[in-house]
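Residue numbering begins at 1 within each chain, and the chains themselves are lettered A, B, C, D and E in the order written.
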Amino acid sequence: MNGSFDDKYDMIGQPPGTLTPIGVKVAKETRIHYVVYDKETKIEKKDSTVQECKKIIESGKNVWIKVIGLSNIDAMHEIGSVFDIHALVLEDVINSNQRPKYEEYDTYLFFIAKLLSYDKAASTVDSSHVSLIMGENYLITFLEDNLPEFFILDQRMDNKNGKIRLKTIDFLSYSILDIIVDCHILLLNDISEDLEELEEKLVQSPGNEDIQIIQKLKRNLIHVRKSIWPLREIVGKLEKEDVKYVSGQNSHYYRDLYEHAVQALETIDNYRDMLSGFLDIYLSSVSNRMNETMKVLTIISTIFIPLSFIAGLYGMNFANMPELGWDHGYHYSLALMAAIVCVMVIFFRNRQWL
Amino acid sequence: MNGSFDDKYDMIGQPPGTLTPIGVKVAKETRIHYVVYDKETKIEKKDSTVQECKKIIESGKNVWIKVIGLSNIDAMHEIGSVFDIHALVLEDVINSNQRPKYEEYDTYLFFIAKLLSYDKAASTVDSSHVSLIMGENYLITFLEDNLPEFFILDQRMDNKNGKIRLKTIDFLSYSILDIIVDCHILLLNDISEDLEELEEKLVQSPGNEDIQIIQKLKRNLIHVRKSIWPLREIVGKLEKEDVKYVSGQNSHYYRDLYEHAVQALETIDNYRDMLSGFLDIYLSSVSNRMNETMKVLTIISTIFIPLSFIAGLYGMNFANMPELGWDHGYHYSLALMAAIVCVMVIFFRNRQWL
Amino acid sequence: MNGSFDDKYDMIGQPPGTLTPIGVKVAKETRIHYVVYDKETKIEKKDSTVQECKKIIESGKNVWIKVIGLSNIDAMHEIGSVFDIHALVLEDVINSNQRPKYEEYDTYLFFIAKLLSYDKAASTVDSSHVSLIMGENYLITFLEDNLPEFFILDQRMDNKNGKIRLKTIDFLSYSILDIIVDCHILLLNDISEDLEELEEKLVQSPGNEDIQIIQKLKRNLIHVRKSIWPLREIVGKLEKEDVKYVSGQNSHYYRDLYEHAVQALETIDNYRDMLSGFLDIYLSSVSNRMNETMKVLTIISTIFIPLSFIAGLYGMNFANMPELGWDHGYHYSLALMAAIVCVMVIFFRNRQWL
Amino acid sequence: MNGSFDDKYDMIGQPPGTLTPIGVKVAKETRIHYVVYDKETKIEKKDSTVQECKKIIESGKNVWIKVIGLSNIDAMHEIGSVFDIHALVLEDVINSNQRPKYEEYDTYLFFIAKLLSYDKAASTVDSSHVSLIMGENYLITFLEDNLPEFFILDQRMDNKNGKIRLKTIDFLSYSILDIIVDCHILLLNDISEDLEELEEKLVQSPGNEDIQIIQKLKRNLIHVRKSIWPLREIVGKLEKEDVKYVSGQNSHYYRDLYEHAVQALETIDNYRDMLSGFLDIYLSSVSNRMNETMKVLTIISTIFIPLSFIAGLYGMNFANMPELGWDHGYHYSLALMAAIVCVMVIFFRNRQWL
Amino acid sequence: MNGSFDDKYDMIGQPPGTLTPIGVKVAKETRIHYVVYDKETKIEKKDSTVQECKKIIESGKNVWIKVIGLSNIDAMHEIGSVFDIHALVLEDVINSNQRPKYEEYDTYLFFIAKLLSYDKAASTVDSSHVSLIMGENYLITFLEDNLPEFFILDQRMDNKNGKIRLKTIDFLSYSILDIIVDCHILLLNDISEDLEELEEKLVQSPGNEDIQIIQKLKRNLIHVRKSIWPLREIVGKLEKEDVKYVSGQNSHYYRDLYEHAVQALETIDNYRDMLSGFLDIYLSSVSNRMNETMKVLTIISTIFIPLSFIAGLYGMNFANMPELGWDHGYHYSLALMAAIVCVMVIFFRNRQWL
């Protein structure tokens, strides 16, 4: 069930600031990579140590530190103490239930976002917890796992004249947020295909299971909305020109990102409206099918009930029933029945039931 | 499906600011026309070049530069560099999925709007992407195609004493926005006709397809709303007296435009209320039809079932059934049946079913 | 259809500020009357000229200028130029689709309101376009026709000690707005009677047409709301003490008016709630009637089907059916049928269907 | 019908400020009592005169002046002129349709509230119009009739050490508003009992009239809401410390009152939610009953129709029907019928219809 | 019934500030414990006296005073006078109907919250009234009973290096509020399990009682929402840095708490959406079941009615019916019936009813 708190509140008895990984994927180890870059050079180091990273940061160059795998408490504690990160921030980093948020601390900005992906077969939304800590010249990203969505950044960084290499560290964090927002929009695209399929099915052969599909899609949209809504607010705050570590010349990029988030939200509202329209279509189709059933019953019953009555009438055993003795009594009765059928058919034609 | 992102996110791997035309009509070439005008003279030049336009602008006269056809990336790049337009602005200009927006830059104002038209046969809303860049003495309009809705402006400009000729360049952009808002209202007029037709049909002969028509109209209204709502905000900002390049003496015109947009939004809300009322009418009519079906069945069944029973009764083969031997047993039984029919008819009359 | 733009957008090709009467009643001519008054004297002049009015205004006395009939473009142009009225204001004055609004100009205040009346027979709301221009010592009212609702003002002005005579010109415009708000409330009274009738009908004999009546009343309420809502805002602005031409000592009157408008809006919301309650009552009554129909069918069928079966059973022609030969076989079978009827009646009594 | 304007707008032709009692109970006469009190003494005088009250006020002691019966215009005029009350205030005092409001005048505060009570038998809310004018050292209350709800105040004033005696006049008006808010809450208690009864009935034996009861309760809640909502705003304004005549040390009491009003509003919203839940329960129960009806019909029909067919089959009169001649043909046919019944019963058992 | 005012307004005749315990559990006596603590020492005293506590507070050390059992008026009066607590505060402390609130007084902060727990068997939410008074160096908690949820705090306080021991008194009140918010979230977890169960049941075997379960869960959610909503506002106020007695260095903890409350509110909204989706599922399933019932009836009736007619036809007693004399007339008629059954089965197959 989306938005459940199951894992978290095993820790209810713990004092605040105690590190307990919640809901994050269990990687075998916590690995730390870094990339140092400026206009001229770009050096990448895999499986570095916290201390090494600390030194690089102090050298004043732009550094992107990637922490992958969040379930190793000791490593997280070390990161926290070396980089001087507040205990509550670390707690949020390893709690995958934490909603997207943005906080300014004295020496860094901290934000959390969700990288969403759509499992089309099961029609469920998967969510990956992404935390960013941005300081003067460094950006630390915390990921549960090595997410392929971010590989593209490595390629762009290889390009010596790419904007990432030319600009300050906040352009890198913009690029990461941009990828995250794009993932939301891609996911909405996938949902939009499901919506089209569902609409077609509802019009052609609505079934009892459709209402559950509608509910499922509605929940997925709520899930996406709960992720993109706070993200929009975060980007909205970064767009303002007076945020520490965000240079004014990049604010147009953040504004652009903000608009993408707004557009995604509008699309979500649009889809939710469509879903409630689908519910109307479904309910109306159920009513219509019942009406059809009733019509069939009514037509058959209404035609045959009088005929059966006539048959029953001349099946009576009264001693004195003159019609029974007539030569053509049988044929007259058949003619009467035929006449009744005609009247009925005309009646139903008039009602446009036939 | 409205509001789909299909095209856009093929470009998900691209760095921001990369020019890729999205959803715009593919014209063979990008053509640039300009009109230079003041109170005395008006000179029109077709198929000019970017450099020529640049020179005219520097001459200080009022210039309207029309860029028609947005799919030629090289031409767009040239326009961008010669007129010193931000990369993100150019990206928006050629992205027909971009929602209406307004941005102030150092040397120009940038706004995007949608020119809507209604395809009455298919009951779909077509949308044309219009971008405006307004500087000190020039206005650049970017259109996907030569839109006939703007031809009227050429006529008005020919009038030496027309307001466009007498006023500054911001009156020209007001005139363009005015035409765009008018197109929304014309479209609402067309939709209002569809609504009237639908209402009449719903009252006279409601059908299963009507609920889909209702959904379609609802989506069209949402589409129009998504276009006019941000447009209203844009005009609202321009109405304020302290916007660069907008002279205070024209602010009454913008306020007038603002009110038209508000009125269009009210009309949309009104129509949406009507549509949800139509849904009620439809559902109620479905219920009533089912009720009618049930009544027919009930009346026929209820009248004939007792008659058939009597017929069946005297069709029994008991050796000792005195009634069967009576001289007028048959006629008595017929009289009994007639009496039952009378009672039933009176019963249904009382219930107002007949 | 309410809120249609039909007339307006024939003028789509016209430059802004072009005078075209829209939707206003076509009176043969535009007539101008005026009333000059102060504490001592009150002079009324019928069929005056614009120039004469201008002179009276310049004399500094309180003048009420009544312009009746708005379809004469020349006369409107003359009024516009002599009284120095902005072109957009004149456009609004003769456009009966213009929603209520309030604007401050340098030398006058301009407001538009709607005088509504209810055509009880057709259950439609008629709307009359009223424009007011209030300057230092003059008030110009533009009416489509001689509205009887305003005759009462002439009577009050005759009263030498009446408040209108004793106070400044803004009290006159207050009095006019007061009458307009009162008309809204009277109309709501009429609608409230329709609501009561409808409720009674729904409870006693609901019919298929009721849902359309509900929709019609809903639209009427929306119509009234669209008129009184902006009117409330206008009065709210005038109530503030710093509005030009409105003396602080009259602000209590405007506040009183404001509250009447608020009360009308509350009443409208109240009635809309009632209407949606009526829809529930209607739908529930439709369901109940269907249930009743079903019950009748079920009772009759359920009682007679077993009886008919027994009759059919003893109508079989098997050679060896001992019961047929019994002396009282027939009477036994009748007794069995009677027993079945009793059981059925008890069964239905238990279910409270009888 | 709640919220009707019936009485008011007989006065549509009257100039503003004309005194016409609207909807107030017609008492034979207007009576004026007063209570002068301070820490030491408390003097009560029944049937005093306006002039006498005036003198007492000027003595500087705390005075509570009770005006009971509002239909005597002359008396009201006298009160208005002696106490220097604005004409619009007097108009509101005698207009029982006036919604609760609060206004500051130069020499007094004026507020209107509604004392509500519940007529449990008819399930209707009765409303009593209460106006308060509070000056430096006096409080004038205007009541339609001698309301027993306020008798408790006399008792409390008798207590020499009661807070009322020890504090300024604004504590008295707080006490009155406190009683009024309490009456709303008591009324909500009564409605809550009606809700519980209704819920029980809906679950056990829902009937067609329940939907009207739901509507009635909904309207009552709206009525209470319309009374307590502005009251909350009034108290909210008085709670602020800078209101004239309200001493800062009493603001905690007003804040407490404010919270009671908020709690009442929350309760109302809660009850409205419950009512819309009741509607769902009702509609679902109607559907279920129809389903039950259908099931009975279906079971009976489905069992007997095949039996009747077999009976009819062997009632045919073909010359050559071998089964008819069999010795145990009749018993075989009975066995076949029994077998069919068994199959049917098993079928319905599987569907959980039996 | 949730939110009832039953107890409170027995006290309607009482002057404000009179102490009457409302809805609180009746404990035999009011007991007072205290804990004095700093970094080095922690002294706990059970069953102390008010005077003793007063002295400890004046010593300047951090003191947590626990008042357990609120029904002893005399004890409460003593606490009120010794600690100089406002009469209205005391009234709120012993009124379990009081909603969560926050108030600043001169020498202390006062807040009320609700500790909720879920009775899973009865599906009801139990609420425990918790009041906190926080001064410079002391915190007084008022509980109805000894709540096990707070035992954890004693354990944490035993830890010499625990945050509670190291920080100021406001961290203790943060810890208490943290436990209270956690209880809300735990409760939502329990409700989420009920939701999952209900959903499964609705899909598999929906019953008439489910709609009441839906209503019950909806009310529980409203109950939780009414408790957490004001709590969120309280925490939001404490998070601001300028609140007296709350040190800036703890504001991150309050912000964290604030976010948990926001997340709980989002979860509630999410669950309410799910519940309204469940209602749709339920209603749709009721419709579908009725449709199934109708289909069974229609299939059986439609197949057998024509057969019965044929049987009746040849059961007629006309003297001259040639078919009756045919050798294979009986078999021909059986073949005709079989043919009709085949046609019917094909017809229903086409409609996908079989």
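Everything that follows uses one rule, which is that a contact is a pair of C-beta atoms (placed from the backbone, for glycine too) under 8 Å apart; a residue touches a chain by one contact, two chains touch by 3 or more.
What you see is a predicted model, and the numbers here were worked out from it, not measured in a lab.
For the pair chain B and chain D, the distance between C-alpha centroids works out to 43 Å. Centre-to-centre spacing of chain A and chain E amounts to 27 Å, using the average Cα coordinate of each chain. The set of chain B residues touching two or more other chains comprises 283, 287, 290, 294, 297, 301, 305, 308, 312, 315-317, 321.
Chain contacts in this assembly form a single closed ring in which each chain touches exactly two others. Order of chains round the closed ring, starting at chain A and going on to chain B, comes out as A, B, C, D, E.
Contact residues on chain D toward chain E in their complex (touch as defined above): 152, 156, 162-164, 174-175, 178-179, 182, 185-186, 188-189, 192, 195-196, 203, 252-253, 255-256, 259, 262-263, 266-267, 270, 273-274, 277, 280-281, 283-285, 287-288, 290-291, 294-295, 297-298, 301-302, 305-306, 308-309, 312-313, 315-321, 351, 353. Of all residues in chain B, those touching chain A in their complex are 1-6, 8-9, 12-13, 15-17, 86, 88, 91, 97-99, 101, 103, 205, 208, 211-212, 214-215, 218-219, 222, 226, 279, 282-283, 286-287, 289-290, 292-294, 296-297, 300-301, 304-305, 307-308, 311-312, 314-317, 321, 323-330, 333.
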